[in-house]
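Contents: one structure, followed by commentary.
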């Protein structure tokens, strides 16, 4: 998966979980949980959508990789 | 922008007939304004020199907007040149459009479920008082746990109504006339089993009277029409019906509704607070282990454990699970756990997870997720908004250590959970770092004492040490 | 004094007009009071401080002032929604009329009626009426009551050329003449019923002639000349008071502003308005008084200042006056002592 | 002739006696309407009054309903106590603007200055094959208007006693006399006089069903109640008497006793007075109801001329009994 594809999947997932968030405004190092106000349930749904889309298993230990947009893209693309 | 008619809200500047520097006199036509009806000449109410045209040709502005500035003639020291057009003074505050008061959702007859309330009507409370029966210890046998006159009479006569099993929540709504429904409640008759002789098999008074066993069914003719005392319980939120109004308007009216409820709570309820730090090591390890093999969709979040513990503890300490009504505490039979959910646009809801204490963790988790999604989409059922018997607010995700909340009347307790944080803890004399959560309880001192509150938090802490039993 | 239909109606000059300067100064003051009051209303309406429908009398001042001179405190007045002039000259305090425009409890109708429903029963001012022609039957009833009790009083009933098209106009003219009622019909013919010119609404536009067919005395009057209006009104009122039956004055006048506050005025052209403005009732009187040396400039200026002060004070009082408490919403629907 | 004596009389004569008494006791009172003088009144109610009181106080009017009703309002404002007779409710539509926009509204618009102590009498209802334009029953319309009171005298006592009380009222009162009642015969106390105009009356006691009605349909309702009695259904018959304001207390007390209600109203069902009474019962006595509130009204059709069709369109005892049986079930 190329970084661009990864970014696109991540942004779509975020749009679904937090519809009122301005996706365009997210910078590479925005903290997805704190800055976008995702609570644990939202984050769980975010992970669920990502693993569904990419077909990869995302264990709880991998959650830290998804902290920011940049780290998430790197991890998904690099994965 | 002058108000040029009873039904005009805004106007468009078609033409300026003056320019900065021009002299104008009271009554001179200085501009042409376009309204829904037509173009109209607008005169100046002032004499002076035009200083500045603030609104350009083609611009549409609401009535009352300042269009231009006119300097008064030199003779008077012009402190602040009065603008042309309308008199420049504070726009008379149009009273803020009163936000529609949240529709008072009567618990008694939520749409579709015509069963009477689980609370006790004053008539029966009076009867119990007459017969010296302690309502607190009485199990209502009426529909959904309503205490009936027959219960009171039987309790007074010493025989405990063991025979009649409290009817489970009637699967479908029984078609019965209001008269029959009220009589059934009073005579302790379960209508579910009756065949009605009314139109389409609906149950009528006569059917109910025939169903009362053995007792001589003298129809009690009440003289005055006794109105059922419906304890109006304020729903926390305006119903979805207000969804039609604009977002901002709805948020504002929701804010007002919450404000009123919280103010009433603070005014009427003598809160007491207790707090406790709970070691979460066992729970989190168990959770982590369990989630490892599970699909993402079945994984649990720590909040699920906290909620289950809160629900089970509420069942152990019934004094915190129920309602304060008519100056009395009425314990609820089931534990309907209110969950505070913050909405994206601001404001919050506290819908109930019914029978939370009986749910398995996975079920509780899916109920939580479903509730949050529906709350944020404004698709909650009326009963969910008003059924909670004790409420939990979990601010762990928001990263605060502890929260002491405000109770939702008429409930008598609010449980607070802070975030999971690593803390130095002495264990067996040695300092170790452990994940802990600060649990708090705000409770109504009329219904219980701090000792009961403490017993509750201890119970929660104890349950969290045995996560496998949750 | 019945009149055969079709016979030309002469301008009556029987009773001489009062010619002294002091009287004319009072006529001027009253006309200026109406005009400045209504100009202030325009300003306040534009600032959205007073709302609803406001119908201005600017241009027709001579009619209200002239007719009022012929009435006594015992006479009654029934008016229409274009009533500020009638109310002010009848003696309703400027403060009470302005407060009513603000809907305050100190208003002459406690704020309940607004510009179209000014009432003061103590001055027998039986209010405005927003239904075209709606006031005529009331005036008939008041005159009937006076007649049945043998009172030598006049009921002056004001209405516009628009009302002439209503069935009630015909019914009331007939009833007044049939029952010989002491009523003075004052038709303010300002040539327009809102946006419809007289000739586009009436087959016969000579309204005095029309009135004559009901068998009552009917005179056309120059409604822009306050002296002529007073003269005609005195003659008619004396005749009515003396039992001469109903009389009808067709007061030919013109409103310089729109039907209500602002309207496109597409129904008349600006040239016509300018032509009538040249016969502004106030300027005509001022001119006549100056020619007679009765009106030094400083006196006129003093009169204007006094009126401006009175009107500004009424606005300040109205702004400060209390609004009706909402708890009183259903008061005055029924009388307190009704069974 | 002591108080116990009763006099044989008719509804029409009782009305005339009421008007004569008012004219004698209060010189502010006068009667005005089409053909009330020389003709003696369209339904002969004012026969003989012109000869006794003269043309000033018994005033025939031209066919100008808006003008003479408005004149009545004006005269009342100026201190008189006029009785205006509108020949029938059908022609009152020409005076509705004066009644609504002046009579009912002046007190409020004037901030309490203008009282209108006026009584307007008019004949209402169908039943004499006079077809669509002469057979309306529009009392329900007038009960919609705040500022006026609406009465429906259905008995000799009320025909004799309501007028004087209405004339004392400082606000406008409308009295609807059903056309079928004028010839009703019966006895009346020799010293019968003013009656209250605020409360409903129970005309027959019963515990199984409340039959609620007024004016022209009271007789039909009472005869239905008699026949229901023979079938073992004990009907409580309520005569509203005052249509605005309604006497809710008496209505709800009856429904609380019988738990079933049938409302009989000659108006068309949609938006009728019976709709208002039914709404109030469900609002105030919902938990007493053992059956839906039933209504027996006129068929929603302009009144046909043929007798059999007119009878089919109007509420009749048979339909009232059927409705009662339905709710008692």
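So that you can tell them apart, the chains are marked A, B, C and D in the order they are listed, and the count of residues begins at 1 in each.
As a convention for this text, contacts are C-beta pairs under 8 Å (C-beta built on N, C-alpha and C of every residue); 3 or more make two chains touch, one makes a residue touch a chain.
The shown structure was predicted, so the numbers you read here are calculated from the model rather than taken from an experiment.
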Separation of the C-alpha centres, chain B versus chain C, in whole Å, is 59
Averaging C-alpha coordinates per chain, one finds the centres of chain A and chain C separated by a number of Å equal to 77
Note: chain D sits from chain B at a C-alpha centroid distance in Å of 50
For the pair chain C and chain D, the C-alpha centroid-to-centroid distance in angstrom is 41
Among line, ring, star, complete and other, the chain contact graph is other
So the touching chain pairs work out to A-B, B-C, B-D, C-D
As the complex stands, chain A meets chain B at residues 18-20, 33-34, 37-41, 44-45, 47-48, 51, 58-60
As the complex stands, chain D meets chain C at residues 30, 56-57, 59, 61-62, 64, 66-80, 82, 97-98, 101-102, 106-115, 146-147, 149, 165, 168-171, 196-198
The chain D residues in contact with chain B across the complex are 252-253, 255-257, 259, 284-291, 329
Within the complex, chain C is touched by chain B residues 2-6, 35, 37-40, 42, 45, 63-64, 85-87, 92
So, in the complex, the side of chain C touching chain D is made of residues 76, 78, 107-113, 117, 119-121, 126-127, 129-131, 134, 136-146, 148, 167-168, 171-172, 174-175, 178-179, 330-335, 337-339
